[in-house]
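In order of appearance the chains are A, B, C and D, and numbering begins at 1 in each one.
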Amino acid sequence: MNIAFIGLGNMGRGMAQNLIKAGHHLTVWNRTHSRAESLDAKIANSPADAARHAEVVITMLADDKAIESVVFGRDGFLESLPAAATHISASTISVDLSRALQHAHTERKHHYIAAPVFGRPAAAEAAKLFIVVAGPDPAVEKCDLLFSVMGQRTFKIGTDPIHANIVKLGGNFLIANIIESLGESIALVRKYGVEPQAFVDFLTNSLFNAPIFKIYGDLVAGEKYEPAGFKLRLGLKDVRLALAAADSAEVPMPSASLIHDHFISAIANGMGELDWSALAQIAAQNAGLKSK
Amino acid sequence: MNIAFIGLGNMGRGMAQNLIKAGHHLTVWNRTHSRAESLDAKIANSPADAARHAEVVITMLADDKAIESVVFGRDGFLESLPAAATHISASTISVDLSRALQHAHTERKHHYIAAPVFGRPAAAEAAKLFIVVAGPDPAVEKCDLLFSVMGQRTFKIGTDPIHANIVKLGGNFLIANIIESLGESIALVRKYGVEPQAFVDFLTNSLFNAPIFKIYGDLVAGEKYEPAGFKLRLGLKDVRLALAAADSAEVPMPSASLIHDHFISAIANGMGELDWSALAQIAAQNAGLKSK
Amino acid sequence: MNIAFIGLGNMGRGMAQNLIKAGHHLTVWNRTHSRAESLDAKIANSPADAARHAEVVITMLADDKAIESVVFGRDGFLESLPAAATHISASTISVDLSRALQHAHTERKHHYIAAPVFGRPAAAEAAKLFIVVAGPDPAVEKCDLLFSVMGQRTFKIGTDPIHANIVKLGGNFLIANIIESLGESIALVRKYGVEPQAFVDFLTNSLFNAPIFKIYGDLVAGEKYEPAGFKLRLGLKDVRLALAAADSAEVPMPSASLIHDHFISAIANGMGELDWSALAQIAAQNAGLKSK
Amino acid sequence: MNIAFIGLGNMGRGMAQNLIKAGHHLTVWNRTHSRAESLDAKIANSPADAARHAEVVITMLADDKAIESVVFGRDGFLESLPAAATHISASTISVDLSRALQHAHTERKHHYIAAPVFGRPAAAEAAKLFIVVAGPDPAVEKCDLLFSVMGQRTFKIGTDPIHANIVKLGGNFLIANIIESLGESIALVRKYGVEPQAFVDFLTNSLFNAPIFKIYGDLVAGEKYEPAGFKLRLGLKDVRLALAAADSAEVPMPSASLIHDHFISAIANGMGELDWSALAQIAAQNAGLKSK
């Protein structure tokens, strides 16, 4: 398939490579050109150029602003993308922007699919992502093979694209919540003299034996907040998106508010570039605990 | 082994039965005598009588008050338990009471082990409990077989009994936290038109594939809050114990405070006898959602 | 002075009338024309027309969107306002919009003053407002008499306009906080059988003898949430502005987050058109208390 | 009147002196004898001795434990106090203890009045306290003159003693809430470059012109947390009492929970001996602000 791939960050690069390996023809665009060079792909001069002959354009970018720029901006692909082509938005974006993309594409006879992904950069490279997909059935079916090339499993969550976005925001909130609650409970047991790793080992070998507890339990118990797999300031961004969606829909999310406030505290105290599991450091400091 | 078993509620009964099946001689006591009758065990007239010839006494009761009564009360076993015998406290109790039990037993040359359990009544019956054990090594070793008869796995967390109690309180807090965060995120996705069960199915088949998410995700998505596997008012009791332990040790636990306040709200609105997963109902009502 | 007055809602109408009484020549504009008719003022067809010959334009509107429309919109006054004229923005708006207004006006040689007001509609009519003013000194001095005609006291908070906006947001947060804390404490004493009004009378005759406690204490004790002096959904808007400003400046405001979540809960349960003191109703309901 | 006065701390000493000045005969007891010496009063060897010939015994002590000791303890006055005498409990104590005192005294034909006071040590010395009184009418009337000698105003809140205790806890919660909200809002305006004292001056000269805002606004704006008028760890004690009363009565008080967690954080970080207005320091630190 002729695919335009926009955004070659830590996540996007791995996804693009897996598509190339599977035999697809990629035209890529990245704000920083150098990141595109080693890929076996055509390099476009602009998002508009990248999408000009594409059947599918995939965007994998950091935030709403970046997406708005590559779609609606001066060199954006909204007008260059051929009719009947499909835009797969894989980034974590706001519900409002996803709705705006849906309207803009539908007016131009494009298909629009929201397909946010769960997983860290290593999972993107290893094609081990979980992909949550929502969009019109025929378009989704046509892209099925693309998803299975990039991820270990695809979850079809409905035909309305924003359903995938809201599931992504809900899921990320749950991860942040696990970090926060691990932070609080590990501070508690530490103060009573229990070894943090012993507590985490118990958890992950009993009722809490999910990857998410293993990953974040080990990071928090070991206070390994560098290098960042996912930066704390991006974690704040995602919690903000969840809170914005919750506010619009009149859903109080007090746990999300609490996490938001702790993220802000972490950033105000210079921790924005650490891994977002450093959220647990706030709970430790509030308990008067020193880092190892 | 000659074992006194005190407390034959939903949990204790299953545990006692598994010990009997394994060939141990049990003398049992329960406040309500009738619950003891069908067991193949001697029935004692008082906790003191039950423990008089025991090598090990196991307590499995609802709260601090019940334990205080069977140990320190008028017919309590503190003075009747022979020297060198061991008290295994399997209940979820306060750190303060556990410390008091340790002191009282040590003075009388008893051994004291804290061994709180994770699991609901069905797990107790099926010997599928997770048991967190802390106490002096020789005593713990001597009881190893008892733990393996009652549970699927034993986690030795150290020699100081309160370490097991604090791990139990930390673990229960994490479960309550998962219920709360599922409640909030399911309220969010519901308001956007996503089917709750579809959201839970995605979670439990991707990063959140632990029993704890499966159990509580299904209950919350299906709003199946009756019959209660673990009553909401007991859930509140456990969060109170965690907060009391946190307060003593100077550990702020804002997520636990938030959950405490929602439990109180649930009880004030008549939900105390529902399953504690009904905590999620508070999040739903706060979002203006009606029950199915 | 030739004054353009934009926005004749509950607050603006009283303010405009006081300016007219003091002998100023007003040209007014309101989205709903009828509200302008009974005033002794020229009625303009658009914001642009209203400001064309003004020395000062005063805006008193509901939210950011309304201000953006009358300033930057198709019939907005940004380009029609003569050089050297002054825009006094009296509305409660976001820090970001205030900054944008400052830039746009400065480029066009206008002066820009932020002058948000504290007080309910009756205070606006009676010229009893408290006005917080920030802007360049000479412009502020020139408008001194206008402020004293509209309010009982003017507080000059600095030369940077956004300082006035942030003080307004901080002040409104404090009022909302008083409502919330009255709600919680009144729920507490009610449950113990204390008459709410007796509690409020004690407060307002001892350490808490400020108008703000008297006003909101009486409303909450009496559960008099209609008619609305200031609608709950507007209260939510202001808390949102405070939280947005706090987020930008990296200031966690957990009390504001809590109040935000309770406002959302109130709105989701149909209370958006009540007075914002109905926030206290959420505390009462969470405690299982019924309305009188 | 023959009065036994138990507890001569910062508050009690001033109150005792005012009673002596008014011509009453005092027998005093304090754990540390030296504090009693300079008073023109008889010094008793025990609480029991102090109360043996008293018409009224007044207790003004730090916490529940201290009261339990002087009333119910080995040398406590419960049995020595003559029938028909009155116990005025002026300390801030738990609702549960107040109820227990009421029962114990009633059984012995004593009268029991709860009369907690609002005010800092200087107000106690200057007879400027606000006294909240609840108890049986004839007993309260008989003590009317005592209250007016110790305070500037007496508020009779009902005949059930615990009504006074719960009003005291509600009032202290409101003060703590004002400190917290001043802390958050001052952090906000500081980050935008507004001078904290200018913000406080605006507040206390407009809608927030109550002593409580003046006192705590100045302390927080000036970061004057030493010497402590009321120690932070005692502030925590009072919030704990409010939360315990709320928990018993099934009243969620999320603002109190939040304040509790911030007090704990302050104490865990070595601020327990500062004035309780240092609670605001937590908000400042969370925003990354350095002390002056």
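Definition applied: a contact is a pair of C-beta atoms (placed from the backbone, for glycine too) under 8 Å apart; a residue touches a chain by one contact, two chains touch by 3 or more.
What you are looking at is a predicted structure, and each value in this text was computed from that prediction instead of being measured.
> Report the chain whose CA-based centre is farthest from the CA-based centre of subunit B.
That would be chain C.
> If you tally contacting C-beta pairs, which pair wins, C-D or B-C?
By number of C-beta pairs in contact, C-D is the larger.
> Can you compute the centre-to-centre distance for subunit B and subunit D, using the mean CA position of each chain? Integer Å is fine.
39
> Roughly how far is subunit C from subunit D, going centre to centre by Cα mean, in whole Å?
37
> Using the average of all C-alpha atoms in each chain as its centre, how far is it in Å between subunit B and subunit C?
So the centre of subunit B lies 52 Å away from the centre of subunit C.
> Could you pull out the residues of subunit D that touch at least 2 other chains?
Within subunit D, residues 246, 250-254, 258, 261, 264-265, 268, 286-288 contact more than one other chain.
> For subunit C, which residues are in contact with subunit A within the complex?
Contacts found on subunit C: 240, 246-247, 250-254, 257-258, 260-262, 264-265, 267-268.
> Please output the residues of subunit B touching subunit A within their complex, sorted ascending.
95, 118, 130, 132, 153, 155, 157-158, 160, 162-163, 166-167, 169-171, 173-175, 177, 180-182, 184-189, 191-195, 198-199, 201-203, 205-213, 242, 245-246, 249-256, 258, 283, 286-288
> Where on subunit A is subunit D touching in the complex?
254, 261, 264-265, 268-270, 285-288
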